[in-house]
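Have a look at the structure that comes next, please.
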Amino acid sequence: MTDTTQTERTEARASVLSSALAALPRPALLLAVLIVLLCALVIAFGPVRALQATVNGFVAGSYTGLGAIGLTLVLGVLKLVNFAHGDLLVTGAYFTILFAWLGLPLPLAMLTAMLATAALALATEKIIWQPLRLAKAGSLQLFLSAIGLGLVLRFTVQFFAGSQVRTLGANVVTSIAIGPLRLGTLQALALVVGISAMVIVGLVLRFTSIGKEMRAFADNRALAEVSGIDTQHIINVTWIASGFLAALSGILYATAIGSFNPNFGITLLLSLFAATVLGGIGNPYGALVGGLVIGLSQEWSTLLFNARWKPAVGFALLILMLMFMPQGIFGRAKRRS
Amino acid sequence: MSCKIGRLAAWAAVSALAIVASAQGAGAEPLDLKIGALLESTGPLSELGPPAEKAINLSATVANKAAKDAGVEAKVTIVSADSQGDPQAALSATRTLVDKGASCIMGPSTTPESISVLNGITMQRKITLWPLASSTRLRTVKDDGTIYRPVPADDLQSKALVKAIENHVGKGKAVAIIFRNEPYGDALSKSFTTDWQAEGGTISSTISFDPQQESFDSEAGQAVDTNPDAYVVIDYPETYAKLGAALVRTGKFDAKKVFVADALSFAKVPDNIPPEALEGAYGVAGGSPTGTDAFKAFNKLWDEAGGVANASYTANSFDAAILCFLSAVEAGSTEPGAIRDKIRSVTKDGAPQFTIETLADAVKTAATGKEIDYVGVSGAFRFKDNGDPSSSLYDVFQYQGGKQVKIEQVNVK
Amino acid sequence: MSIDFWINVGVLAGIYGIFTLGLQLNAGFTGLLNFGQAGFMAIGAYTVGILVVDRGWSLWLALPAGIVLAVLAGLFVGIASLRLRSDHFAIATIAFAEIVRYTLQNAAFSGGNQGVLGFDAEWRAVSDWMLPWLATIGLGAYTQLPLFIVVWLAFVALLLMMKGLQATPWGRVLRGIREDEDATAALGKDVFAYKLQSLALAAALAAVAGFFVALNVTYLYPTVFDPTFTFFGYALLVLGGFASYGGVALGSVLFWTLLEGTRLIETSLSAGQQASLRFIIVGVFLLLISRLRPQGLLGNVNEMRVRP
Amino acid sequence: MSGQVLTVAGLVAGYVPQVDILNGVAITVAKDEIVTVVGPNGAGKSTLLKALVGLVTPKSGRIALEDKDIAGLAPSTIVRQGLGYVPQRENVFETMPVEENLEIGLKPRRDLPLRLRLEAMYALFPRLRERRRQMAGSLSGGERQMLAMARALMPQPKVLLLDEPTAGLAPRFVDLMFEQVATINRSGVTILMVEQNATRALAMSHRGYVLDLGRNAYEGEGPALARDPKVADLYLGGLHG
């Protein structure tokens, strides 16, 4: 009996997928705060510097936010703290290198890499996560497995590809001028892809049958089961989507940033988690907006402090948000019965 | 508890037996030299691992060929271990190298690793350590003459940078410093600031960035916004690929105003760095290497060997291993202390000079016990008492068409 | 020769053991997912280093000061974030540890990027005094042996202390909190205060571990205290067994034997591949252990779940 | 066994290998009946329903829905065979609007038209129509219970399993809830219910079972069982105060 109660409590305590539209007040509040801050920065540092920092914040945020969308799905739907997610991004980028080396043209190599990473994510479900779930593994065992999987993925990539710096060879220096402001062309692409991915995932979750089932599963797994939802199917779909999105963001990251090695996933990982939690676990809009909020706050902070404090600013923001807005920007507190 | 200690002891005993079984008569002919390579194969600096590994392996190939050509019975084997870029892991890694019989240890790349390895192991065993770290802090520790740095320390290099900027931009100008927030960038930026201001120059901005961030556009913007006469960039290629792209994207950046420190000195600009970020940029490299035949020969060797592209400090790693080898030949021993005591005899000012191309002759001469002067790929080595290179000659180079071209030499004190 | 290597493995196992006793107290016995342990360790270690180098304190006086500061940090973190949900608490503590690390790297008082060096003279004196004494019983050749002995004496003492504490009413209340927080609160126990004490005590243990890290590495540098330290701590905790102090000792020895022992694998691979292979093996091992023996080697299957 | 919609025989089940909560339960439910299972705390009432719907895997015994053996199947499969289940707690998707909850409920029967089923539910529970766009998490206790039942009724189950439908409700809603259950039954739904509020539940049931320590203790017609002094003494004593 205690078993069930505990799982039920787990689910009750986790904030889950929710509709962005229905949760307007908190995002609106956040938007207001951001606008006030931006105005203050414009007054203090002049419009060009403040707005350029804002543009940079959007770019930095899009890298984190896009990566966090896949993570938030697994965290929200499967309640799994997937510490290997960053390494799935790496796998996606290196699959691209592999397929390009095998002779595929780059765009096709990228697509194949996304499919391959999705297949890999599904394979981890079959080989690792499903058996652990059936054995009723606790949260620490799952966490440990995720760390182990991350090590295996990252160092398998490194074993075959080496740890030297790689590039996908895209032109990363061209930029678009908007008045006195500059935005890198590929950075703009990253931002567009990030927002598109967010909207697509959001719409799928909101309106499609599988999306509704995923939300139901995330909300209350036992109830989803007895409502006739094929839960294993939902789990598989979630992994496929997560792997695909991870590869998409890994490839975009590798392309837009232009230079990477197998460590980039693990260095990005804590930011991904921060964006996920900030946005409200399980919400794709939240993941991207969470990423943007971190990006903005970090880039804005460079107007005030030396840039080397950037990461610390991100973590401080995370702690403050957890204390004062624990459900995240788009998260919804679940009432306990 | 006792059972755990017992287990440990059992392990230890097994390992000890293995070592005894494989041990060979020390100092006996022919020379069987093991050179340890402490590589950052994993961890935050893992991009440094593969090029360093290749450089040291190349040195063994070159040394073995030279020994054969010289008819000297000496063999070099490289043993390597992963320092993970972490002082604690570097300790374990070094112990495995020592267990494998390493007489010298090449690397590691950072000051914390170097000091912890020195204090923990190498100093007591008189094993020479050849760190690629340039912090002056390394000088402050007691090393019993075991540290030899194949790279110039910050204080010399910062003076070379000052001279190069004065020659190409002018005295008393405004300079923006951009550095990677690590011991290397931090220390060199501080010495440069002091030296530049002492010469009447101004620093328009000092920007340090966290290497683990994904974009550096704000940092780049801050650097160009002050509209400096020159930029000093202290960075590794991995992050400069991102930072340089961001600098170019500002639209207000002129790579010809850039002066890079030695970690961004390559024969050929690596693929991952956008050409616009370095084309026309100046840089300094210690010991007068660029443009020498040895430098060209090394780069040819590198390209022929295939594998990873050339990167920073590979020539320094290569030279360090060759120096260890020549010292062992000179000492006629692989005993670490004996090698340590001969290093100055193979880098003797005024003795007959040899380079990578005449290495066989160098081996032949050294085997007779005569002093020699090995002029490395990265330049001549003049070690001071503290093991730092004292060479006052620096090449000022410029990247032209993606290649390093020597412009002039400067002399610093 | 290789004995040196294994003594070093033993030193690491002992240090991580002390570090993980705190995690076991928090996660295993109180149900708190403390992921900021590396931060407390850094505070302890840096306090010692800075007091000795900058203020001229004795190393032995600086150690208690480091512990006190780590405890204060534990109380601060606890008061700020213990009311958070458990998974948020985990993330908040990790963020705290990272802020500590970045502060140490960027601030002037901590030596910034250049770290803190030269605080261990008094320990070296002790070590040098022990070596000839060890030599008389035939153990003198191993320079790390004094540190090994001191670390393990401290570890065993602290382990026994923690075991003893667990048997007291205080320890039973903690376990009650892990089992059912609401029920424990209903019995009139101030759950928050108990959790705070648990966290502060773990921070103290982290500070002791940090002191030994400093002696081992001889150099205080921020990256030594990155979150990986805490992850390794949890890995060996789960390996040894949940809610078992003896498991911490066993887990630590096994984990470090594996992690460092894999360095000795001889292959004809390149150095980079060999290094990668090591971590692939460790990763596979972590996957296997959580699959085959989820409760850990000395753990009890009924205690393996942390309340989220 | 003809005429029986649900037949359970010799059912043994539990959560952990060593401990069986159910030790050979046998019940039958005929078409259009309300059958109530009562018993003291820990008798295994909730476990019985969970075993029927597949959330707890039976170790032995037979569960037949009409003629099909459903023991050991996955919950989603069992539900598709025609069993509807309303858990005692956390029985709605709190982060989803009322209408989406109902839509999810229809998953086992994709052949039924959504519009018509929604209309049928709104007709049965007019309150839900008013709240259709509202998040289920913001509903009152009684409304949640209605939504939970409506969700389970969406696919027109052959038997509806109710786990303590009145638990945690304010007294004035308890009457309402029993009325609702009666209404649902009159609309042609067979009901198997587990209740703490035993006397009231038995009084409105066609038949009843008393479970104790995971075994059948008594069975009979609902009202008669409620009046049975032995049953009242042993099992109903303090339960409905």
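We just call them A, B, C and D in the order they show up, numbering each chain from 1.
Rule of thumb we're sticking to: a residue touches a chain if its C-beta (ideal position, glycine included) is under 8 Å from a C-beta of that chain, and two chains touch if they have at least 3 such contacts.
Predicted model only: the values in this text are computed from it and were never measured.
Contact count check for A-D and B-C (C-beta pairs in contact): higher for B-C.
Put simply, the chain nearest the middle, going by average C-alpha positions, is A. Centroids built from CA atoms put chain B at 38 Å from chain A.
Inter-chain spacing, taken between the CA centroids of chain B and chain C, is 34 Å. Per-chain CA centroids place chain A at a distance of 30 Å from chain C. The set of chain A residues touching two or more other chains comprises 155, 158, 162-163, 306, 308, 311. Contact of a single residue of chain B with at least two other chains is seen at positions 41-42, 44, 49-50, 181, 210.
Taken residue by residue, chain C touches two or more other chains at 102, 105-106, 272, 276, 278-279, whereas all remaining positions touch fewer. In summary, the structure contains touching chain pairs A-B, A-C, A-D, B-C.
Residues of chain B that touch chain C in their complex: 1, 4-5, 7-8, 11-12, 15-16, 18-19, 37, 39, 41-42, 44, 49-50, 53, 80-82, 84-88, 91-93, 95-96, 98-99, 111-112, 115-116, 119-121, 124, 135, 137, 140-141, 181-183, 185-187, 210.
On the chain A side of its complex with chain D, the touching residues are 1, 3-4, 8, 11-12, 16-19, 22, 212-213, 215-216, 218-220, 222-231, 332, 334-335, 337. Of all residues in chain A, only 6, 9-10, 13-14, 81, 128, 131-132, 135, 137-145, 147-152, 154-156, 158-159, 162-163, 270, 273-274, 277, 306, 308-309, 311-312, 315-316, 318-319, 322-323, 326 touch chain C in the complex they form. Listing the residues of chain D that touch chain A in their complex gives 15-16, 47, 53-55, 74-76, 79-80, 85, 87, 89-97, 100, 103-105, 107-108, 135, 137-138, 141, 144, 151-152, 155, 168.
Remark: chain A residues 49, 52-53, 55-56, 59-60, 63-64, 155, 158, 162-167, 169, 171-175, 177, 182, 184, 187, 253, 257-259, 261-264, 267-268, 298-299, 302, 306-308, 310-311 touch chain B in the complex.
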